[in-house]
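Next come two complexes built around subunit A: one with subunit B, the other with subunit C.
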Partner chain A sequence: MTKDKTITAGQAGAMCFFMILANKILVLPSLLVEKTRAEAMFVPIVLFLIEFLMIFFFFKLKKKYPNFSFSEIVRKSCGRWAVILTNVLFVAFFLSKAVLLYNLKSIFLKSVVYHEENALVYFVCFVPVVTHMALAGLRVMGRTMQVFLPTIFVLVIFVVVVGFTGITNIPAFFESSVSQFLTTTFGHVAAFGDSVFLFLIMDKIEVKKGEFKKIFLPTLFAAIFVCLINIVFVLAYCYTPFMHPFAFFELISFVREYGGMGRLDLIPMVGIIVFSYFQLAMYMKFFMISLQNLFEKMGDTLSAVVFVFFFLLLVNFVVLTSSQTIFYGEMILPYFMLFPFVIVPIFSIIGLCFRKKILGADG
Partner chain B sequence: MRQFLVSLKKTPMILVVVLVFVIYGFSALGAPAEVNEFAIVTSIGLDRLEDESEGKYEVSLLVFTPVAELNFVENYKVVSAKADSLSDAMYHAGLYIGREVGLSHVKVVVLNERFGQGDLAEELDFLIRNIDMATSTKIVMSNVEAKEVLKVIQKSDSESSIKVSELLNYNNKFIFTEDSSLETFFSGCLGPTKTALLSFIKLENGKREENQGASEQNSGKSESDNNVDIKNDGETVVFFDGKQKFKLSGEQMKTINFLSGTYQEGDISVENITKDDFVDATLIFDIVGKRTDYRVVYENGIPVILINIDLKLLLTEIQNKDGLVGKDVERMVFEDEILDKISSKVKEYVFEAVSIMRENEVDILDFYTFLNNLSPIKFKKFLKTNEGFFLNNVIFKVGTRISIE
Partner chain C sequence: MNVLKQIENFCQKLHDSADVSTRFLEKNGVQIGFVYLKSITDNLLFVEGIYQPISVSEEIVDFESLKQAIGSNDLSVVTREEVLGKILEGSVCIFLSSDERFLIVDNLKFDSRMPNEPPTSPVISGPREGFVEDIKTNISLIRRRFASEKLVFKNLCVGEITKTKIVVAYLDGIADDKIVEQIENKIKKIKIDGVIDSYYLVSLLADRPNSVLRQVGSSEKPDIVAAKMLEGRVAIVVNGSPIVLTLPFVFLEDLQSSNDYYTNYVYATFLRFVRMCGLLIAVLGPGLYIALQLFHYNVLPIKYLITIADSTQQIPFTPFLEILFITLLFHILYEVSLRLPSYLGLATSIVGALILGDTGVKAGLISPPTVIVVAIGKIALYTLPEENAQINLFQFLFIILGATLGLLGFLGGVIYLFNYVNGIESYGAPYLAPFSPFIFSDNKDGLLKVPLKDMKTRPKSFRNEKKERMS
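Coming up: the complex of A and B.
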């Protein structure tokens, strides 16, 4: 097992920003609007509240046990079986999320740019770069994301502002029922819960006094951006979401009719590609870390090969088409979310309750 | 060299980049140019056929074929094909051109009147599912076959398709309360009011004068003196739930626009005005500023919409029976009596617009969303207790403030 270098709070914040933002702005808004119309704008807000509750537990654990890993805390408070369970769930979680992300992004690229290319082309384009990033280590990934963060920040603001100018009418609110709203919220919970990675690498994040805000502020901004993109999409395309399946891209693509302005839709497209590379690399890295927690002697290369093998298998045989991907995301993955939203908080509460046991055993 | 190989070994990503360039770069360079593979369609004409023996639909495409020429003349031609579905007809039209049909530059879709007989929303399914079609593409209905309209566009000159879209953009700004595009049509059909508007243009025979300009000479219009003109007088087709409900004349559309808060332009004429300088004259005012405020109060559970229209007018024309009025407009003082007449005219417009919507049971201006978003509980209760078309039970009250500049 290779020892990863530690990352700063700022780098962890940058990783959080990309993790939170990337997989919620492309297909999710359209799916939400299709089910709950104008009320779709409240779904991410509800789900972010749950996500921030999970981040609150991370904050508490990190403050109490600054040098401990989550596995250590779980082992000392609940025993070895709990560590195995947690890491197995981490492995399954990151692999399943990576598959969903890859499929959605390849469907987007196929629909919008490369109509005639097959899935193998995207695989060739994505996997080597992503593997390289994951093998380079946490610190390299964190630094790269820190460099890209301001540009992406400006890009997202630009898209949101241009999107606002495209709103002509306000849709009718309160048309969907409470049960519809709750069913949709649960059905799309799979897009959330990514910040659970903070637990996995909590011993590798160096947080000095007063630096917690460096993690939370980018996370908060990412959540605000997701909500804003969703709101703009709802206001612009409330009754025709089926005509606009790719929200972040569609918000700006309407400008192409005002001849002479050029292809401004290239701007969100570049953003989407950068997001995809970063997030897929993070999923791979966290899969590798959790696999190495299970098999301590496993090296980086072998764990990367295991990821690519299972990834290729799932991508090609389980969720290849758009409808399969949506079914997988709405029907199967929500149950995986019990892990970040229920199991991890339960272990965190147990860990917080057995302070003496954890610190005493360490001492 | 050895150092280079060592650095390559250390950074294998360079190899991947080189590999990607070698595989895809050369294949991209060897691929034929896209302009030779695609026929660029600038306008689409869709005709629902009366005689369905050869197919249910006829699709006509105004195609721009990019060919390198010295004289910079753009080659447009109309190709058409018949089939039982729009996608099939489109495919066959592509076969006639010998190129793939590229729809990303389509600006206008023209429909014939027969589309009003069926469910238009269902019939246009092909267009909205086509990822290349911009949802902002203008959509318009015509009194003749769409193919004929495309031929007129093609004949008038090579730039005319752009002119037709400009005509529709003008409609959007000055005639319609809303745009007439694929997006707004479907948004209207699928919204709570299920109401959508489409612009209606007519082809009319007209005799043209000679030497009308370079563009016409270039397009070879000298072949005939009798030309067909496209007429746009603001006539509008109203669809409810995807089906044609009725047609609004340009004048009726004007009254609807008066009620709309978004519409800011237009004119207003007042007849039988007598002053020191003229008798029984008709005064025509240009609207230079218009602000429409809506307030809603519920009286016994019934919504009362209080509309306050603030108008700033400019006198632009005096039609006086006794000849020219030799006085500067700036020096004219308009008494309360004239202002009252203008106010009555405005109210007349508003109530005519309301009665059009009530008679036809369509909520063209989306009062449903306005009332629902303002107080959803009260509005839902009102809908439950009042059966039938909801606007029949809503009370409208109009207040005006007129100022003449």
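Coming up: the complex of A and C.
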């Protein structure tokens, strides 16, 4: 069992902000527009509705059982095997998402910045930093994210505002069919569902009276930003998404120099790199926590080693090229999403229904 | 007691040291012995205040009559075990043939400088006093600022050989009792042969002793220490050191100057932003520059890019080696200027700035933009009120990261550093508080500086007993 210190609602909110925003603003808009044209702007809205339903269940559970962990709730309501199943799914979920994230970010970096560098550069940069963050614990990680949150917040607003200035015409709507829309929505569901981590650390979050908004507001802002970036991208590059695969970066990379200040694409590049570090660190930390829930005697260092081992294995042998990564993200990972969007809410509903059974032992 | 034998005994114990002074007197059949160290005792005061009154007095028969003859307040009676320590601390030891005990007269005196303005913390306005090496003077400098019974000084002693006096000072009812106890226990547990300066205690009191970052506050100015004690911090005064330590310590203290409190609050806020920018430029500037120059040159303005290309065309070294060379050169000159006598300082500046810098550029060995970037990075560090030379190490680190791994490595380093710093706590106070975790009320005296009337509470970043400071 993890011995992490508790985090405040504000720190949980910062984590939510980065988790929600990070992996939906780089390649997702381009892939969506390629398949559904202007309707792409509605896909994130639909998927966020499902994600917020999950967050709603989290709030309900947290209010009802403020000091219980999700594993305890599941164990008392459904039995020991359900706990093992949940944690196995958590482990698989976070590892698979980490692999997808790493591949997407290394593809971006290779095509935009490090044209001639070896893939080893990314390992050398990512692995020590995210391992240090994960080993430092939830509280330290949360504090670090709180420090960066205002800067990143302003940076995202800046990109969105500048992106709007690049819009020249409005595309035609309703060019894609309903089935196309639904297939695309399902195909890219893997980019969502990250806020399931809240269930994993629910006993570590200290929420005082009236503080739920500190978690909800950053989450809501992150979702609004994702939708805005999608809308700007659709309006700007509706017919040429294949030429602009990295949405957040491309939104302002074609903007001319302002007053000799230099090209502005450094700004989104900084944002993307910071997002990548934070999200990968969170995936690693949550993988470690769920692994420690499965093997109670496992220490932090060993669980970190296990993550790095499997991560390197998967990154090097399962997904490597951009087409493999997209296949992995669109064809394999969507089935993993049954976990956050179906299994976790089911366990939550069961947990909410068996209040007496859960509270019985501990009063 | 055989007085002559006892005198001989003391001389033997003190290895017949050249500064041991002894006197013998016989009055009314009572033998009186005196032992003291003339190197740290006021000889004139001894003769006029102790020896002479005793020698003229006719009624010396026991300790009581001896005390009446001397008529001083600094008298105490100690046992055989304690007496040697008192002599070594600068007291005069008097003993009688009719008594087995020893009378101690505190008569310490050694040359001490005046509490002048410290050279490392000059101020434009505000008090100019500075701590000195004498612990008594330092304690009086603190005491003068608090006419309050709440001010507590606790005596401790550290050092098997030096037996250095250490005083823990705090305001009772304002400083947190647990923090005071924690600090006292830590000091008591220190097993060391000697403490020569307060910096000996710094790594022993820090929560993470191996960290490069400063975790114990220090100041040479009594007004700063008094202000910190009013916030609920604990001060540690070490005999022989003009630097007083304060705990708990948070990073924000590095951005605060005593001048901020004696000037307009809007201007003080501006200065704090300048210091923050200075710190960021010093730590990150050269590293970012080299990362952009080597990996992301396309984000630089075209005109500036042309300037860089023009100036670096003839340079035989890579930009990485060039920036490392200039940074190293700066540190060599800095070290040299510290060691050289002041009259040679001008010569060092001429050699450094003109011969090495200017000629290096003209000879095509180093480029002007790199010299400017390194120079700005180095100068910017001195915007911080207290010396923080160890921050230079981070500058080197970010240069290496930027040059080898580009922006990805550079930002990775920044995140690593923040995460590392966030993990540090000083006696329960998060190192980056009140920025992280964000504490709204403490930010009134954080990067912002609000008027004094609005600073109604003590800092919440660390534990203290009474939160209100103004009703």
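Convention: the second predicted complex is superposed on the first by the 355 of 363 C-alpha atoms of A that agree within 3 Å, B and C clash if a C-alpha of one lies under 4 Å from a C-alpha of the other, contacts with A are read in each partner's own complex, and residues count from 1 in each chain.
Following the convention adopted for this analysis, a residue touches a chain if its C-beta (ideal position, glycine included) is under 8 Å from a C-beta of that chain, and two chains touch if they have at least 3 such contacts.
Computed from a predicted structure; not experimentally measured.
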Query raised in the report: Should A:H132 be classified as contacting the first partner (subunit B), the second (subunit C), both, or neither?
Result: both
Requested in this report: Answer with first, second, both or neither: which of subunit B and subunit C does A:I170 touch in the superposed model?
Outcome: first
Query raised in the report: Does the superposition put A:P29 against subunit B (first), subunit C (second), both, or neither?
Result: neither
Report task. For A:P44, decide between first (touching subunit B), second (touching subunit C), both and neither. Result -> neither
Requested in this report: Could you say whether A:Q11 touches subunit B, subunit C, both of them, or neither, answering first, second, both or neither?
Outcome: second
Query raised in the report: Regarding the shared-chain residue A:P345, is it in contact with subunit B (first), subunit C (second), both, or neither?
Result: neither
Query - When both partners are placed on the shared chain, which of subunit B and subunit C touches more of subunit A - result: C
Report task. Using the touch definition from the top, say if A:V270 reaches subunit B (first), subunit C (second), both or neither. Result -> second
Query raised in the report: Which holds for A:V124: it touches subunit B only (first), subunit C only (second), both, or neither?
Result: both
Report task. Check subunit A for residues that touch subunit B in one structure and subunit C in the other, and list them. Result -> 124-125, 128-129, 132, 257
Requested in this report: Would you tell me which residues of subunit C are touching subunit A in their complex?
Outcome: 292, 295-296, 298-304, 405-409, 411-413, 415-416, 418-420, 422-423, 430, 432, 435-438
Query raised in the report: In their complex, what parts of subunit A are in touch with subunit B?
Result: 111-112, 124-125, 128-129, 132, 168-175, 237-240, 242-244, 254, 256-257
Query - Residue ranges of subunit A touching subunit C (in the complex, touch as defined) - result: 8, 10-11, 109, 113-114, 121-122, 124-126, 128-129, 132-133, 136-137, 140-141, 143-144, 146-148, 257, 260-263, 265-266, 269-270, 273-274, 277-278
Requested in this report: Over in the complex, which subunit B residues touch subunit A? Could you list them?
Outcome: 12-13, 16, 20, 128, 131, 134-137, 178-179, 182-183, 186-188, 190-192, 366, 368-369, 372-373, 376
